[in-house]
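Shared between the two complexes below is subunit A, which has subunit B as its partner in the first and subunit C in the second.
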Partner chain A sequence: MTGRWLNIALAVYVGLIFTFVFAPIIFSLIFSFNSQRFPTIPLGEFSTEWYVKIFNDPDVWTAVRNSLIVSSSTAVLATVLGFCTAYTDFRYNFRFKGPYLALILLPPTIPLIIMALAMLAWLSRIGMSGQLWSIILAHSVMTAPFAMAIIRLRLHQMDPDLEAAAWNLGGNEWQAMRHVIVPFCAPAIVSALCLTAAVSFDEFAVAWFVSGLNKTVPIVILEIVQGNIDPTVNAIGTFVFLTSMSLVILAQLLFISRQIKSHS
Partner chain B sequence: MTEPLVTFRNVEKRFDDFVAVRDMTLDIHEGEFLAIMGSSGCGKTTTLRMLAGLDTPSAGEIRIEGRLMNDVKPHERDTPLVWQSLALFPFLTARENVEFGLKMRGVAADERKKRALDWLDRMQIVEFADRNVATLSGGQKQRVALARSLVMEPQMLLLDEPLSALDANLVIRMQGVLTRLQKELGITFVYVTHSQSEAFAMADRVVIMSQGDIAQVGSPKDIYRTPANRFVAEFVGRNNIFTGKTGGSDNGKTKVSTLQGAFLAQTPDNPPGPEKQVSFTVSADLMTLTLTEPDADNKAKATLISEEFIGSVVTVFLEGQAGQEYKVQMQERALAELDLSPGADVWLSWEAENANMLETGS
Partner chain C sequence: MSGPRKIDIYALTWRLPIILWQLVFFIGPVLFMVAISFFVVKNYRMTEAFEFVNWQRMLTRGFFWDSYWYTLFIASLSATIAMLVAFPAAWALAFRASDNLRRWAVFLLIIPFFTSYLVRTFSWYVILAESGVLNAMLGYIGLGPFRMLNSHFGTIIGYLTLTLPLAVILQTVTMANVDKTLIEAARNLGCKPFATIWRIVLPLSKTGFIVAALFCFILAFGDFVAPFYLGGSQEPTLPILILDTTKSGQQWPRAAVVAIMMMVTLFTVAFTAIALAYRKPKGSKG
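Here is the complex of A and B:
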């Protein structure tokens, strides 16, 4: 009997967590189709007015374009960095390997605002701030650890003999990398690309500090909210949410399905 | 004899403080089936990895066809290896796995495909050519791994405990496949295993390793009948080991006084001389068990303790009068006729020429 009650209690608990996480987003989604200017209940009529409005706003378009450039470049750069570090860890043993890994995994633990200020100070000192690629650099530094963690996990599932088998069959180190390591890691590499793109697409603080006049989507959202209460923010919010959610879900699906496969 | 295919000269391999292979000198001949046998950590796999270039010797020389190989990279050698883990590429089909080495060598796609299919056919798994290797059974994977190495047409194939993951019946079948292949292809097989039955069933010559040293090299029969030292005698098992002092030698036989009595043993090629501490072995299957006192070179009284039934053959464990354990291997039917029960007193006997003296100091 207690087991049953415990199960119910746990189910309620999980339900509450999901409600807390997703309710604000769902409300945002609902109000983005609401004709009324203020988010109140009862709702007004169904309307795509706010979507039309952002669709016709050139600032939003520029921001979306910027965000896409930044997030896709970041994804590629961070994933390449992450792959190289993960491979180093997989393949080599060296002194100070522990500190090396700890340093690599450090960036996500630094408070964003500190990171943003430090990035601004550093990039402007070497004359690299205020550019679109300033954001790309900063985001790559921030997201490479995620890429590394995902790819490292995949490499740990690999039979270390596989690479040696490729050498043994006449492949040099590059051929082994291209024909064995990369194909084996492919699902993790795609996951890393999706995840780093999603993180970069959403990131506000660092982008705001180092971007200069190049606004990304989160910065435009802040500007809309700062000006006045404007329901277009719900529309943009929904768009951003769907974009990054799709990327994250895609990353998860690819990674999880491959893990299940490799264990079956 | 022709020039050996492979020569190891005083080869040593250290990993930090650990010596995996010590001062190894060994020749491997063209077309022979050589098994390297020992328990885990004895250096057998390191020896194989050095042949494949995956480990570099710390000292000494390894030559293949006279060419110094110490620093030749793995991919520049013609030494395909069948891995204990098989190391098949999980994201490729059986055929793509077999094609891999040819692809690395730059063989054209249709030629690759043809040769891969030929080998899969030869291994009787051509119907699985386009299946992902993850979906194949253990025995099928084994065959893919063999085909993947043999499609390279090497002059030497390295095998690292390739049968250890298979069940007993399959092991016997694969042993047949391997010996037949080796005879048909006429290439050298270097086969690393911890399993005595695999090594003895297939190999022309067996190298027994212990803690980085070669303990004995010889044909399976040599090793079984005339172990060179105590390590080999115990490793091979089913040996009765006696220790005592030498007395006089006569007519190729040496008298050895042990706690169980004085026995005659075969005098070895370099006789130990009198008054020396020596050991000799008698294989369990060369001991005869009788109820009455036999007329033989060597005999001892013993008490039956237990029997171990293996099938048509049984191992009988007995205790000698000085408390020594004896092992006798005999036909189950013959034992049944004697109608013995534990505690029964019997006689053991063996011929002097079957008493093999070990190297002194071992």
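Here is the complex of A and C:
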């Protein structure tokens, strides 16, 4: 019988952990429809006031536009870079391959605030800071490793002889790339696009430092949070959450579920 | 036989882009940050120089070292708490849950990484406030109100928001890969449950656990949001120091000194941890 009680206790414990992890997300969703200026229990009335407020705020619209530009451009750049590197790692062996891979995989281990300072100083120096594309440059460095990892996993599933077979059938390397490798990687490429876009869409520290006067959505959130308690943050947060989640779920459907299928 | 080596344009097309890109936009910024730590600021303008004045300024000040040790302490503490709190849940998910349930749990725990950390922090701010949700709930059972914001408690809750899902995921995945027959064998030989964890499960999951703890430490060490908004930045951590010196003071060289000290610390911790993680157990050959 002790085994049964232990199982119940463990289930409750796991439940508590999930409550802790999801409490801020769920409360943010609830508060976004709550009329109180300073939300607490008992809740106020149901209200779409905060959504109306952000909907009518031109700054928010500009920020959304900026964020979409930044995250989609970042996604394309990072995925191209990630693809090239993943293919190189898959196909070639060469001297200094270790440092070569470290070069692309290192950036995510560096704290954002340090990355932000380094990027700000360097981009100002070479006259590239304070622009919308400054964020794109910085984000591409930070997200390329994720794209590389996803595409590399996909290439791992490919029979290396497949490429050789294409050459034997008379295709040159470029044709083999176009007709064999790229189609094989297509789901991973789309999923890398989604994930890098989602990461870029959420990133605030580096964007805040290098963007100058151009604000993305996370920067707007940061600025509101720095002021007073303002529940519009919850409304914007819910919007950001839905955007990122759609991208992640899309990536999951396209790639990760196939991964599981091909394994079982 | 080897003639002049032909340049393989195809290979270079795939190899070069990332080298060039990272040299200009990753190695460049990092090296330049090291360089500006020797520059001087005159009349609010940064001038190229090679002087140790920033290093001297920062490293001889008490406030820098206070902040340094505090950051090291609170990041280690929160990594330890994250690992301990995560363990029972990860153990349950690894050994008591079905494969399907475990896969779902891990997927759900990935979701927070794609929700705005700022919004989650703001949400905690509202939950933990003096008249917030948690104190209101506690009030019903006659407790509180407690002051939870602007304290170490607030900072650690913020760090845990960042690190706990990761700790649970990594611990679960690590322990799920432990060979179940070894655990069966230990049990059949009369090993008690806790002894099984201590003598079989933990030694076999050492590498994964050290990596998990390292990630928790790195995330907490570099985060400025939690100590700033939930901790009230009364005791500024190093990231807050960088933020303040860069944003308000325009003192990029001094901020660079702090950043370099942070990176050196992180690399030291990471190399030590990885050396520990991959060290061969005592008595084994090779």
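Definition applied: the second predicted complex is superposed on the first by the 248 of 264 C-alpha atoms of A that agree within 3 Å, B and C clash if a C-alpha of one lies under 4 Å from a C-alpha of the other, contacts with A are read in each partner's own complex, and residues count from 1 in each chain.
Going forward, a residue touches a chain if its C-beta (ideal position, glycine included) is under 8 Å from a C-beta of that chain, and two chains touch if they have at least 3 such contacts.
Please read these numbers as outputs of a predicted model, since none were measured by experiment.
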Overlay on subunit A: subunit C relative to subunit B, clash or fit: fit
Which superposed partner A:246 touches (first subunit B, second subunit C, both, neither): neither
Touched partner set for A:35, first subunit B, second subunit C, both or neither: neither
Inter-centroid angle subunit B-subunit A-subunit C after superposition on A [Cα, multiple of 10°]: 100
Contacts of A:183 with subunit B and subunit C, given as first, second, both or neither: first
Which superposed partner A:202 touches (first subunit B, second subunit C, both, neither): second
First (subunit B), second (subunit C), both or neither touched by A:84: second
Contacts of A:48 with subunit B and subunit C, given as first, second, both or neither: neither
Contacts of A:122 with subunit B and subunit C, given as first, second, both or neither: second
Partner chain in contact with A:161 - subunit B first, subunit C second, else both or neither: first
Contact breadth on subunit A, by residue count: subunit C or subunit B: C
Minimum C-alpha separation between subunit B and subunit C after superposing on chain A, in Å: 8
Residues of subunit A at both interfaces, subunit B in one complex, subunit C in the other: none
Parts of subunit C lying in touch with subunit A, wherever the complex brings them together: 10-11, 13-15, 17-19, 21-22, 25-30, 32-33, 36, 85-86, 88-89, 91-93, 96, 105, 107-112, 114-127, 129, 131-133, 136-137, 160-161, 164-165, 168, 218, 221-224, 229, 239, 242-243, 246, 252, 255-256, 259, 262-263, 266, 270
Footprint of subunit A on subunit B - complex, ascending: 52-54, 73-75, 79-81, 83, 85, 87, 89-91, 100-101, 103-105, 134, 148-149, 152
Residue ranges of subunit A in contact with subunit C within the complex: 7, 10-11, 13-14, 17-18, 20-25, 27-28, 31, 38-42, 80-81, 84-85, 87-88, 91-92, 94, 100, 103-104, 106-107, 109-115, 117-123, 125-126, 137-138, 140-141, 144, 173-174, 198-199, 202, 204-205, 209, 218, 221-222, 225, 229, 233-234, 236-237, 240-241, 244-245, 247-248, 252
Complex contacts: residues of subunit A adjacent to subunit B: 159, 161-162, 164-172, 175, 179-180, 183-184, 186, 261-262
